[in-house]
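In this document, chain identifiers A, B, C and D correspond to the written order of the chains, with residue numbering beginning at 1 in each.
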Amino acid sequence: MLAAFAKSQSADDPLSGLEVGERPDPQAPEGWTTVRLRTAALNHHDVWSLRGVGLPADRLPMVLGCDGAGVSEDGDEVLVHAVVASPGWTADETLDPRRSLLSEVHDGTLAEVVAVPRHNLVPKPAGLSWEHAACLPTAWLTAYRMLFTNADVQPGSTVLVQGAAGGVATALVQLGSAAGLRMWVTSRDAAKGEQAVALGADRAFENGARLPERVDAVMETVGAATWSHSINSLRPGGSVVISGATSGDAPSKAELTKIFFKQLRVVGSTMGTRDELERLARFVVDAGIEPLVDSVMPLADARDGFARMVEGRVAGKVVFTV
Amino acid sequence: MLAAFAKSQSADDPLSGLEVGERPDPQAPEGWTTVRLRTAALNHHDVWSLRGVGLPADRLPMVLGCDGAGVSEDGDEVLVHAVVASPGWTADETLDPRRSLLSEVHDGTLAEVVAVPRHNLVPKPAGLSWEHAACLPTAWLTAYRMLFTNADVQPGSTVLVQGAAGGVATALVQLGSAAGLRMWVTSRDAAKGEQAVALGADRAFENGARLPERVDAVMETVGAATWSHSINSLRPGGSVVISGATSGDAPSKAELTKIFFKQLRVVGSTMGTRDELERLARFVVDAGIEPLVDSVMPLADARDGFARMVEGRVAGKVVFTV
Amino acid sequence: MLAAFAKSQSADDPLSGLEVGERPDPQAPEGWTTVRLRTAALNHHDVWSLRGVGLPADRLPMVLGCDGAGVSEDGDEVLVHAVVASPGWTADETLDPRRSLLSEVHDGTLAEVVAVPRHNLVPKPAGLSWEHAACLPTAWLTAYRMLFTNADVQPGSTVLVQGAAGGVATALVQLGSAAGLRMWVTSRDAAKGEQAVALGADRAFENGARLPERVDAVMETVGAATWSHSINSLRPGGSVVISGATSGDAPSKAELTKIFFKQLRVVGSTMGTRDELERLARFVVDAGIEPLVDSVMPLADARDGFARMVEGRVAGKVVFTV
Amino acid sequence: MLAAFAKSQSADDPLSGLEVGERPDPQAPEGWTTVRLRTAALNHHDVWSLRGVGLPADRLPMVLGCDGAGVSEDGDEVLVHAVVASPGWTADETLDPRRSLLSEVHDGTLAEVVAVPRHNLVPKPAGLSWEHAACLPTAWLTAYRMLFTNADVQPGSTVLVQGAAGGVATALVQLGSAAGLRMWVTSRDAAKGEQAVALGADRAFENGARLPERVDAVMETVGAATWSHSINSLRPGGSVVISGATSGDAPSKAELTKIFFKQLRVVGSTMGTRDELERLARFVVDAGIEPLVDSVMPLADARDGFARMVEGRVAGKVVFTV
């Protein structure tokens, strides 16, 4: 089958290890099944794999990709949940220390066919397009869990998103505003703030700006550069949900005193569960949310999509059609 | 000042005890303040007071009304929170056994001026009209707490509302659909089901209909007539939130076995907190929700509004302008 | 191997279908393993299976038993978790609609060897005796989840247990008092109330007695006969956790009005998770709890234990040594 | 009346500003009442007040003390809850940004009489001694809330307490072990670790020691010196509850990556609610917990108690009898 896979790894030149070509069809062990993909999408995770981060070299070649949607062996249209729990695990799979993401241990979704545990199939709602379906299983699922499972907010609450332009941040803005949350964003770049407002944010602020009032929750994926601002922006009892630290994870001030005196909650979040993905898919289609798509191209042109991402030119999801 | 008040009570002829006329201005004890009302709205609670339910005769005359909005002594535009906690209570006021609603112990909102604890003022968001502001503090607040505090659902969850046409049910449909919940309703009357769909419900069913799939939560205000259907409609681990039992509160089957075997949660809910009202007001205006209004009339014509309610002719809120 | 198994079923004479004799050793499919049992214990569930309740006749012969402890293939001392999730299920296994208990689909623990999913092994703490270990996986786990997962109480809270003498009720009293909860019990029989006090209850009351103060939570396994008393005994915001209805599940009053007006929570509960069993085992040994044991006998004499249970003569667990 | 009060403040010589002498009896405004104290106890908070931290000079003279128990105007034996909410506040009082502790705005408990809001009286359980009653409202309440409201643990869970010897840490060990939690402590000083074990800890470790297994929750009052160890010691999904940072609040590594990747929760906690204090008092007496007392002396000798605390010689509570 055709697939985009890591053949080798290079920290400096990740594209050098990417190959788009033939790989053997995956086999489904007991309890697993296969999905014939219609669309797949790109994540920074795929570039890290090519750089040698998170993917040991002895597992190469490895088909990349953890976002995908397609048709199951039974003919059903499905999204592919990318978190693979260890056998027998019976709890939230994101807490399983031996879990993996597709493309870390098992071949991923940038291919004609992917094998996954049968339980990882999620029905694709009828009204959801193939392009949008492929956007949901990774960054959007991460955003869904941050906001709706971990932030402890209700419609009418105010939520601050640090760093308006990232993939998770974009999903947070689109999801939160469609769910009745008042979404505020910060950004170094006024244009990116304006884009966030166009996607549903209530207001955009400069990085570090003093806000008109304290917020109920902050969504953090930036880390060191915004940490003190996040803590200072919260009302007593508020929450900061963290799912990344792109500017570094060691702020000069951890702000422990403010955390305990204001009784804040800092909640770590990563990926999401199969059931959260099912609700996300239904929410997106029912609320008419259109995930921001950067570009759509055939899987055979995957190298172009990777290049856009490596060069930092993407705004929204890069989607491959199979 | 002009007010609509209960002068006497009659179970059979509630209108006979209603008087629209002059009452002395209310006095604000320490910690209280006054609000000059701009709008107020009617609830079944007001008719019960005239029937002699919940309001002891020795408290008459009593100004009716627990929905209202107006201008504070400081000139701020505010909603009036109707739950009056006992002095010193420091927890959720709806759990205070000595709490009261406006018009039960203290004069209510169907008047030119109302006195309330200073803490009961909630800022009216700029974009919220006076007519809509008056709709929120009672039935809409009840619906908000049911769905967003007690139902344990997330965007994309499916929620069944039993009895499409009641005041709380209407608010549930409008709030839930604006927050990304898939709202299903049941109704004895197809026209009322269609109205619910027009207000945002995803689908309407006949009473007792077998649903296409199990739901995550049920909102119950009907009681005996729908109880078994509610319990049978839930997925394992689902919730039924109950805030009324208009058809009686003793179903022939309490369904205890199904409750424990499916590990359901039955959650009682009544009114809401000041902070929930603040979030509700912001949500309504940010999401562009237009609370269903039956009619708007001057307070001087309050008797007409009461008559519509007693005769069962209202669909949505009856709002009085002051 | 030697086992106690259901050969046939009879609603009137459950012992007639019980056989204690040879059965083939169980086979462990992929992901499963075997445990060589050292002790096992009896539950009413085993008698129901012999009466034909919950166990279809076409599955006979079936080895009975869902309580057991023994030595794993790796030589570890383990408790056997009895809830078998369906393949790939990644959430609380007690919410899996296709789960089963040992002895419902797969052979149970009243045997020399049992096969279970590898994930169902729970380490036996060093200080826990084999007799006590066998007591925990069913009735005690049920009690643990009721009190510590579902009741929403804290040390110093007051908990009412309806029906002092049942197996789950006994475990509730022993667990709750060891965790700092003030345990009150009701009983038709003063002697059983006294026994509960001897096991750690703070006070015992007659059925339906007016309590000195409202309680924070009620543990219900009785159902119809005690339901109104349970609801009336709760403080506003309190919880009733239900895990059985031995007197019937259709009380004449479901008490819906009191449930919503006092904002009560009714929480269904059944069995528990693997992780709850692990904490339970550690708690029992660390707190020095001695589960009430009715009698200990060799598995070869299992018929005597079944007879005691059918005749209603047991107080505490009947434990078999293998 | 006799009282211990701050007459002036000195960062270097806190005792110089302490006076034990006559002060006017406090007056109770509307909604308040007075308590004739029988016992009171000392906290570091009282020394900070004398150093000029948290107590503005223009409020002097101020009666010190936030721990106390005595007899109400109605003749009831009561504990005094020290958190004074702002008028009309109807939610958790520890989240009220305008709350104060006794001795910050209103005169405190180191006196013959104290005035407090009537709602702040908590019944003293019959079996609780006056000496122990005075120990509970501040450090013990803080520990209770950390463990039982914020840590998300159950009996059988393992909890690590950083810094075995502090006042809150001692209370954590005594409370946790009595509630069925497996309490582990760390300490720079082996003797203090042994003392913790004598008070109920399961094991004591050196600071920074590698633990035999990951824990469910960590109780942090040390801060910078132990932060990385706390984060590294937690299982996925575990909690660190923080209520102080005696070694500084800016660890060199905030560990944000580990927090999000392991999905940890960091929960700030300070003081507790009136209802938590009521449960704490009942728990202490029912479970037979004997709060560690350093010394008991008459209020007239309060200077001796302050001196012991300033010199770092206390192990347990310093209690004053009135």
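Operating definition for what follows: a residue touches a chain if its C-beta (ideal position, glycine included) is under 8 Å from a C-beta of that chain, and two chains touch if they have at least 3 such contacts.
The structure displayed is predicted, hence computed values, not measured ones.
Between the two copies, subunit C and subunit D, the Cα superposition rotates by 180°, quoted to the nearest 5. Counting C-beta pairs in contact across B-C and across A-B gives the higher total for B-C. Work out the mean CA point of subunit A and of subunit B, and you get 39 Å between them. Centroids of subunit B and subunit C (each the mean of its C-alpha atoms) stand 42 Å apart. Of all residues in subunit B, those that touch two or more other chains are 92, 96. By the touch criterion given at the top, residues 92, 94-97, 220, 223-224, 227, 236-237, 242-245, 249-270 of subunit C touch subunit B in their complex. Every residue of subunit D that touches subunit C in the complex is listed here, in rising order: 144, 148-149, 154-157, 175, 178-180, 182, 202, 276, 278-284, 286-287.
On subunit C, the positions that touch subunit A within their shared complex are 30-31, 85, 87-93, 96, 117-120, 273-275.
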